[in-house]
Amino acid sequence: MAQQPDFTNLKALFINCTLKKSPRQSHTRGLMEVSMNIMRKEGVAVDSLRLIDFNVPAGVQPDMTEEGYDTDNWPHLFKRVEAAHILVVGTPIWLGERSSMASKLIERLYAMSAMQNDKGQYLYYGKVGGCMVTGNEDGIKHCAKGILYALQHVGYSIPPQADAGWIGEVGPGPSYLDDGSNAKNSDFTNRNTTFMTYNLLHLAKMLQEQQGYSPYGNSPAAWEQGERWQFEKRS
Amino acid sequence: MAQQPDFTNLKALFINCTLKKSPRQSHTRGLMEVSMNIMRKEGVAVDSLRLIDFNVPAGVQPDMTEEGYDTDNWPHLFKRVEAAHILVVGTPIWLGERSSMASKLIERLYAMSAMQNDKGQYLYYGKVGGCMVTGNEDGIKHCAKGILYALQHVGYSIPPQADAGWIGEVGPGPSYLDDGSNAKNSDFTNRNTTFMTYNLLHLAKMLQEQQGYSPYGNSPAAWEQGERWQFEKRS
Amino acid sequence: MAQQPDFTNLKALFINCTLKKSPRQSHTRGLMEVSMNIMRKEGVAVDSLRLIDFNVPAGVQPDMTEEGYDTDNWPHLFKRVEAAHILVVGTPIWLGERSSMASKLIERLYAMSAMQNDKGQYLYYGKVGGCMVTGNEDGIKHCAKGILYALQHVGYSIPPQADAGWIGEVGPGPSYLDDGSNAKNSDFTNRNTTFMTYNLLHLAKMLQEQQGYSPYGNSPAAWEQGERWQFEKRS
Amino acid sequence: MAQQPDFTNLKALFINCTLKKSPRQSHTRGLMEVSMNIMRKEGVAVDSLRLIDFNVPAGVQPDMTEEGYDTDNWPHLFKRVEAAHILVVGTPIWLGERSSMASKLIERLYAMSAMQNDKGQYLYYGKVGGCMVTGNEDGIKHCAKGILYALQHVGYSIPPQADAGWIGEVGPGPSYLDDGSNAKNSDFTNRNTTFMTYNLLHLAKMLQEQQGYSPYGNSPAAWEQGERWQFEKRS
């Protein structure tokens, strides 16, 4: 049997993009807790938040108070994104799509993507991303596709099977935490949640031990200074 | 400046999903060569093929001759997929979507996803995937989203910024290799191609050195035997 | 109660993009028959085919024998598309996406989109499109989105709620026609199939009676000759 | 030449989902004005708004003040949606996706979809929808796909070629209204904008003259009372 690795140096942040403010029940939160509990039991430092509980304007600037808004909690929340090796984005499905809150989160993550780490790489390099989706009908893969794409686009690494979710049979019906759904017993969802969680941990640990990616071949700063490594323009 | 890593133990396979048979000119091939050339200069063993040149029926079985087809080149081609640490899928854009050939490739990759490696993980675990997209109009991110999602779903790992592409201004116009496009000089496309290529190499090397993922927490065989690691069902 | 309209002058074509050749059982066909049966009982002339039963190369030219292929059934099949007021595209879901066969169909429909009717409009103007999707897991809306978009893009009109489908609870499980699925009794799927079918009929009848769209404002031929109607370029 | 129809009884609403509050310059607004101007010159009553200028909470209830929010401008804005025969949704592209504001709009439109008209149909039946997209890089079709799908799903009809947009060559660059983009002179965008506009008008006029859709075959109220028209359950 495989040996238990030591994940105790890792930090993970779970952002729930439900449309319901705390303390209202969020089915997405219900599923995210399964993954958070695995991580906690593995000794990972787990942080979590609901984006809708905060005052975060839509926009694509790092700090929207500079764009005329009175308040913007994002710069403060972003410190928690920076501190975490792993980011898991959770979203409900509405009309087959991720929530507007998930889109706002990605817009604000993207707004920070010009920031660089001390190797001259995009700031998210060396971090690992996953996503969790709940609904009662249809759309896990569609939502996961967009979220995982956005995360890798700004610099996150995506391990195998980095998403998990639950939906019921086609059409309206009970949601994840509802008794009628029996969702907590879904072997498929439980297995995917487990595999996602461990693959995030394995890749995050590997990247932590390697101190992230070598900047050979991926540094915008070096590219701007004319470094091309083995790239050659087609003639 | 970052030290040059040794990538000479790596193998990469580039599958071009153009709708044009060899030896017709493929713009997608034109872009893929930029990445292949970087890899070759880094000492990587580079293999490549056009799916449309082969007799590969659509279907979701490992070998379609067992479903009544006379010929199926896929089982043979699949050996090349198995041999490669890195898979790069290239596709043209038609009506905003990846080609039907790219969809067929993913269906056939998916058909093999029940196969396991000697750790009891899905076969693609430990491999790394990326994608390249060309068109003259619109849709790189949409195509990349679907392809990268499919790759991670079957077990590939996705490094940061694992896609690159070229399109012109909205509407019909010259394609990548056409003189009028000036695409070969696109700093944006050249940089993304370079970063994608190196990030694929870095992550593949890291996974090779770690001998892939530990099976702790992600083995379907162990799950079926009742192993749950630190997963606990919600009550 | 609403009066029964007379739909007996209408013709509909159902194209099934299953990956299974006839006479193998297609779950997608199973669902499509529900809609076809409504139409037949309303006196509509119903035609249907499985694309995979024909020799149709992938490609974006009207006739691929001009591109070096020995055979291309598409030009002949296309006559059936031309003859029908209504086109319903059916697809199974594989890894959350429409089948490669559905993508090939759309590529070939698109290849004909330069053809014009006798008003100088795209050939599909005045026709009406819908789509039907089956799987055992997830992705109806994602597949429908892409197919309906492509249809309207080439000139089809899309009535309200122009898609219907069936999937089971998340994860593998029985398919539409399997006894265990109870899918034939899904009130949600049956209602959506019914509404889709009637909305296709209503809009097709309306467009037939109006002899399609007036070419005022939408004729590529007129645009090329300099006609701009009330369009004015921004200064 | 085609005769000019009389569109003077029609009303259209253009909702701009930019992330910039008035009076900041919105490129999406810039493109939407081209369509609005055609309509105005055709005698259509044109209304328009920026969603971000209003206090509209995210959520899927008709009135979020019943969910604990102090203010919700949506019920008031919705009267303008109800009054219009045509709805055009405009969105910028961020990371290849529609804005979070566009997602919020669709969530709130969806929240009203249980409302019925006096024929027992969904409220949006008989209305016509389109969409306009601007960015500097990539993603018109992806955004349009999701928006048009959502509109038809809640009951809008979609005429041929119901979207128009502008993007520049791959990578960052000037936006629609910027001098450097030359976008106002894009023949492709101007033609698509014109065709979209007129097709929306033609279909809206047709539906207005027919007093919308017959409720034969598409009334949820009748379905719930057991009416099935020619639908028959599969045995």
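Just a few scattered comments:
Each chain gets a letter, A, B, C and D, in the order it is written, and its residues are counted from 1.
We take it that a residue touches a chain if its C-beta (ideal position, glycine included) is under 8 Å from a C-beta of that chain, and two chains touch if they have at least 3 such contacts.
Values in this document were obtained by computation on a predicted structure and should not be read as measured data.
Chains that touch both chain A and chain C: B, D.
Per-chain CA centroids place chain B at a distance of 30 Å from chain C.
With centres taken as mean Cα positions, chain D sits 37 Å from chain B. Look at where the CA atoms of chain A average out and do the same for chain B: the two points lie 23 Å apart. In chain B, the residues touching two or more other chains are 95-96, 141, 145-146, 149, 153. If you sketch which chains touch which, every chain touches every other chain without exception.
Within the complex formed with chain D, the chain A residues making contact are 19, 21, 52, 58-60, 68, 94-101, 103-104, 106-107, 110, 146, 149-150, 153. Chain A makes touch with chain B in their complex at residues 1-5, 30, 33-34, 37-38, 41-42, 119, 122, 124-125, 141, 144-146, 148-149, 152-163, 184-185, 190-191, 193-195, 197-199, 201-203, 206-207, 210, 213-220, 222-223, 227-235. Against chain A, the residues of chain C that register as touching in their complex are 95-96, 138-142, 145, 165-172, 186-189.
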